[in-house]
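Consider the two complexes below, in which chain A is the common component and chain B and chain C are the respective partners.
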Partner chain A sequence: MSDPVSAVRQRIRGLLVDLFGAEHPVHAAPDEGSLRAAGVSSTGLVRLLVAMEDTFSFEWDDEVRPEVLRSIDSLAGHVVAVRG
Partner chain B sequence: MDLRPDRAAAPGTAAVRAVIRVRAVPWPHGPAEQSAAGRAAAAEALAAAGSTERTVPRGPGGRPRFPPGFPGSISHTGRLAVAVVVPGAEAVGIDVEDAVVTARTARFVLGERERRTLLAPAGPYPPRELFAAKEAAFKALSGTGDTPDGLPFWRIGLNRSGGRLTARYGGRSVPVWTRSRTDHSLALAIRRRPAHLALIGDGKP
Partner chain C sequence: MPADDEQPGTDLSYHEDTPRIRTRDGVGLYHESRGTGTALVFLNNFFLTSPFWREYTEELAGHHRVVTYDLCNHGASSRHDREPTWEEHAADVVGLLDGLGIESAHLIGTSASTQLARDVALAHPDRVRGLVLAGPVFGLTGMRRHRQLNRSWLVTLKSEGIAALYNQIYPEVISGRMNEDGGTPGFLGLRESFMAMNTLDQLVNGLTLAQQGDPDPALLGRVTAPTLIALGDDDILLSPGRGHDLAALFPDARCQIMPNAGHVPYLDDPEGFQGLVRKFVEETESRV
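So, the complex of A and B:
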């Protein structure tokens, strides 16, 4: 049975496929890798954040720390933290 | 795309000249091709600006590191790479966007006041242009010419005065020039050096 962070990571990867298609280079990036370095543009990042709000039923805080937005792993950790 | 910042300096700041170069991103239009096209555009812009150093190595976090005295910025989409060099400026940011910015994305990126006063149809700007303006401004205000990983650039506030956008963040402001075509929007933000610093300078253009 997967831990909560792993499950959220998988959901985020599913969102990335939905948003950018299965051929996007981000799918080859490790969970801890920079989304930006993997080719996720600024518009792409915002689309992902919006999709995460819908999928995980939370809203991004304006004061979210920049490092939270860096990778699939950091995003998943934030989701698990805010959802308790 | 024509994007000419006015050369007249704002009171208390030094006049600057922006050199912009554009390159097509070759197939398969991935991160490697985008990065290479961006650096090629930057090399052309540096040459046109008078720099003898024309390479842009990667700095910390992979950010482009322009030669001293020639601050610059690079942006790319899957099809287009754009670079700008502004000799003598304190910092500069450029952004090109070709993605559709939906109403939901616009609500995420733009505050209520910005949507009410700037965003079409109430205001004069399409959402993609305002998105590009915020990212370009953030690059200039952060002084890196790039958007660091995950940095929430949408927190920048935009205002319009005298027909031009001004971006503010963290107590600092920067003018932003924008243009849009059907398939993309371009924004350029230039932080000028105070005139007295430009005069005593560092011996570079």
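So, the complex of A and C:
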């Protein structure tokens, strides 16, 4: 059975497919890789953040640290942390 | 949502094969040029880089030649030990026009770079066909409010870093409407771009320079180029009424109020802003 962070990572990757399609270069990026370097624009990031709120039933906070938004792995870690 | 809903123009990546334009001794400017026709040159304030404008100039580039560039010592332009003066930034604008074979252009300034647009128009009136001043930093009798705002931002930047600076700037320059509509995801998404475009040194240098230059409003009366002031009705520096009063200080200017927009109105309403610019350019060109 996968650990909670791994499961969230997979769901985030599913959201990325839904948002950007299966051909987007972000899908080749490692979990720890920069989303911006993988071609996720600020507009795309906003859409991902909104989708994550809906999928994981939480709300982002203005105080969240910049590094949380860096990669799939850091996003997943945040989700697991805020959801306990 | 399908893949083609993603906007490829919103990325901030550089076209690294683009040759730099030599403007002054040792200075090479990164630039992008899209479209054909009358040239529109976008002057960055100290928070923006050239690739940022792709998303906000798509419509304009369909009708005109849109030129964006990185200021010297910023983004992908050459780095030097000393931050350029306003006069050197103005010389860079003229050097950019020379390098691109542009005889004269419309200059689009935003916030701090409206001062640069003014200076180029005063020093090189033959090179400026028109000015668009988005969220101008000029007051009716001086520029103390803008200087104080920049000083406050600089203190925050030096003491707490870039993210803290963003936290302070966002509610000040973004309209209340955009802030509420975008919510936290909008705030965080723009913060990611802000941090990707800027370094501590660039911001310190830019915010320091923004507090310098001649604040005399009488200078505006010497600008001969047709001028459009694009002012959000939620701008932190100027009320709509004062925007019209500011336009009256120029020999040939008008103020267009953008509803529910803040100090950077092209963020609140990219299509509306481009429409205003396009209309102004077409009106100005028809008078030539």
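Simple rule for what comes next: the second predicted complex is superposed on the first by the 84 of 84 C-alpha atoms of A that agree within 3 Å, B and C clash if a C-alpha of one lies under 4 Å from a C-alpha of the other, contacts with A are read in each partner's own complex, and residues count from 1 in each chain.
Keep this in mind: a residue touches a chain if its C-beta (ideal position, glycine included) is under 8 Å from a C-beta of that chain, and two chains touch if they have at least 3 such contacts.
All of these numbers come straight from a predicted model, not from anything done at the bench.
Participant: In the superposed arrangement, which partner chain does A:L69 touch: chain B (first), chain C (second), both, or neither?
Facilitator: both
Participant: Determine, under the contact definition given at the top, whether A:G39 touches first (chain B), second (chain C), both, or neither.
Facilitator: both
Participant: Check whether A:V80 is in contact with chain B, with chain C, with both or with neither, and answer first, second, both or neither.
Facilitator: neither
Participant: If you stack the two complexes on chain A, which partner ends up touching A:P25: first (chain B), second (chain C), both, or neither?
Facilitator: A:P25 contacts chain B only, not chain C.
Participant: Which partner does A:L49 reach: the first (chain B), the second (chain C), both, or neither?
Facilitator: both
Participant: Which residues form the common part of the chain A surface touched by chain B and by chain C?
Facilitator: Shared contact residues on chain A (touching chain B in one complex, chain C in the other): 36, 39, 41-47, 49-50, 60, 62, 64, 66, 69.
Participant: Which bits of chain B are touching chain A when the two form their complex?
Facilitator: 30-31, 34, 61-62, 77, 95, 97, 99, 101, 104-105, 108-109, 131, 135, 147-155
Participant: Using the touch rule from the top, collect the residues of chain A that touch chain B in their complex.
Facilitator: Interface residues on the chain A side: 25, 34-39, 41-47, 49-50, 60, 62, 64, 66-70, 74.
Participant: For the complex, give me every residue of chain A touching chain C.
Facilitator: Residue positions touching the partner: 18-24, 36, 39, 41-47, 49-50, 53, 59-62, 64-66, 69.
Participant: Considering only the defined contacts, which chain C positions touch chain A in the complex?
Facilitator: Going through chain C, the ones touching chain A are 1-8, 10-12, 55, 163, 167, 182, 184-193, 195-196.
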